[in-house]
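Two complexes, one shared chain (subunit A), two partners (subunit B, subunit C).
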Partner chain A sequence: MAHGTAAVAKVDSPRSPYARRKTTRGNYELYSWVFMRASGVVLLVLIFGHLFVNLMVGEGVHAIDFAFVGGKWSNPMWQVWDLLMLWLAMIHGTNGVRTIINDYATKDVTRGILKGLLFLAFTVVVVLGTLVIFTFDACPPDAPAELLASFCTA
Partner chain B sequence: MTATLEAAAPSPAGEIPSFTVTLRIRRFNPEVSEEATWEDFTVEAHGTDRILDALHKIKWDEDGSLTFRRSCAHGVCGSDAMRINGRNRLACKTLLKDVNPDKPITVEPIKGLPVVKDLVVDMEPFFASYREIMPFLITSGNEPSKERYQSPEDRAKFDDTTKCILCAACTSSCPVFWTDGQYFGPAAIVNAHRFIFDSRDEGGSQRLEILNDKEGVWRCRTTFNCTEACPRGIEVTKAIQEVKRAMITRAF
Partner chain C sequence: MPTAPAGTLYRGREGMWSWVAHRVTGVLIFFFLLVHVLDTALVRVSPEAYNAAIGTYQTPIMGLGEAGLVAAIVFHAFNGIRILLVDFWAKGPKYQKVMLWVVVGLFVVTMAGFLPRHLINVFTGGH
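On to the complex of A and B.
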């Protein structure tokens, strides 16, 4: 090999350069993998339940207005349902996009920027959504009564 | 076959016809150019010839500088994995007639590993991953004075993964490995599977721990490229899933 090293300088020496960057053991990826499967199953129930109740029961899609949404969010069961749906969908989706970024972004900087944007979007949506679900006022004081849910007048 | 025999019977019954075939080979020589180029070679091939026979004809009769690896030439050593018509195969196990010789047949080095010259790649990253999963029997206690017994049922658990010849056809067909060379790759996981599910081996949890890495089995996206590429017919993706399952049952 010695006589030819100068001419083939561009070719990496077979023995030196490859090394695993660092061992990143821990159960994080394992839990994230299991979470994707479990949340997927739960989301299937939550989303189709949501679609069924909103679009098919009773008058169906025509029943949806401010009063309908206000009525749902005055019920703790629907608050929990929608909160669970929001959180699971956001974590599931964010984790999915995170793995896609890991797969496709080859440069560390690109990967860092994309993941930063992803987590920012995640935080904004989850915080805003959670806030709305819990602070939603179904009966604003100076709104016309015909737009509000039936229990507001009482 | 002797010349007289051929002269007496120019086309005896059952003779396999010969034909011309064009091989479009990815050439790369870092001493000449940094760029890899395609080069066409047309050779006369016999109906029973393999890609490797055509490569031999080119190297021996047309261009001696063509560089590729091959050792046993019979599908056992795993030296001549290459990308033929866009799929990873062993050149010595692929018949020309099976890859449509009417059109030029493309022959490239396997992807994801640094090319040294023409069809020869640097296999070191591949073997480094292989070494990391400790591909040897780990036991504790005294050496038994006779062989270590194993029931046929226990043997059957990892039978499929004993067939690996380390040709790198699976690892270099994996899209995750193409973009992230740090990924252990299917071959390393297959060879870990071979020991994890061996009833005589006691290093299973160590190996599971190694593959629980961020770059371990969880990077597998089950695209089945590896299963399709394996020249030994190993169900690679299934083996990877079995390792995942072993990790999950261990964790919960």
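On to the complex of A and C.
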């Protein structure tokens, strides 16, 4: 049998470039870093718009009541706005608090408990908020008409 | 006093304090967000329940709290843009201190636009 080049054990050239050892952890932290920056820019627009419409226009915070929410969520634009704001803000905020827990909670048990509570809060708030936006009824039939948006009685 | 920083990565001043402020405001905003989704969820209980909860947001003390919350959000937003520029703009790290003072300037201008209107609504508005 001839010694073909393919059969010879491959040895790295002494000048071969340094290759970082592969880890099994994936690129989760990289994606998280990118997400914080991308979602941050979108959230700036969404939240500044939210604050302007709810606190600056008209009577500001005094104008907010059930009828005000009914008027806003009868418009699909505000439904999408608030849904996107809910999801992006909750993921951005949860990921930020996760980073802080990782920085300051040094014991495995403490870190585990805090992150468990964090993910529980994330799940409850996101599921509840999403259901509220999609199942909201601006004109509940048994409610007093004076508490509802004007289009309920029109 | 040592002439060179030894054994520490954090050297205080603008870079570190803006990082601290970003964390503190971020945590404040996050906990408000949790409460805010829960109070808004009361629209699914009844108009009366929602109006009662939102009524507590319309008192003078909560009005001051909202001013603080908006201040936290405005700083976190503008400093977040500064972080983006530090990370993605080639000259970002060189100008990070200058950019913090730009953030503070924009913060003052934005709050000067927001605070009078909000405080007038809080202290003189209402039904």
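Heads up, the rule we're going with is that the second predicted complex is superposed on the first by the 127 of 154 C-alpha atoms of A that agree within 3 Å, B and C clash if a C-alpha of one lies under 4 Å from a C-alpha of the other, contacts with A are read in each partner's own complex, and residues count from 1 in each chain.
Convention: contacts are C-beta pairs under 8 Å (C-beta built on N, C-alpha and C of every residue); 3 or more make two chains touch, one makes a residue touch a chain.
Worth saying up front: this structure is predicted, and the values here are computed from it rather than measured.
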Partner chain in contact with A:A145 - subunit B first, subunit C second, else both or neither: neither
First (subunit B), second (subunit C), both or neither touched by A:V34: first
First (subunit B), second (subunit C), both or neither touched by A:V109: neither
Comparison of subunit B and subunit C by subunit A residues contacted: C
First, second, both or neither for A:M77, with subunit B first and subunit C second: neither
Residues of subunit A defined as touching subunit C within the complex: 37, 40-41, 43-44, 47-48, 51, 55-56, 59-62, 64-67, 69, 86, 89-90, 93-94, 96-97, 100, 121, 125, 128-129, 131-132, 135-136, 140, 143-144, 147-148
Subunit C - residues contacting subunit A, complex: 23, 26-27, 29-30, 33-34, 37-38, 40-41, 43-44, 46-48, 50-51, 54, 57-58, 63, 66, 70, 73, 77, 80-81, 83-84, 87-88, 114, 117-118, 121-122, 125-127
Residues on subunit B engaged by subunit A in the complex (per definition of touch): 30-31, 34, 114, 116, 122-125, 128, 132, 175-176, 179-182, 209-210, 212-216, 218-219, 221, 244, 247-248, 251
Subunit A residues within the subunit B interface of the complex: 7-8, 10-12, 14-15, 18-21, 23-34, 102-104, 106
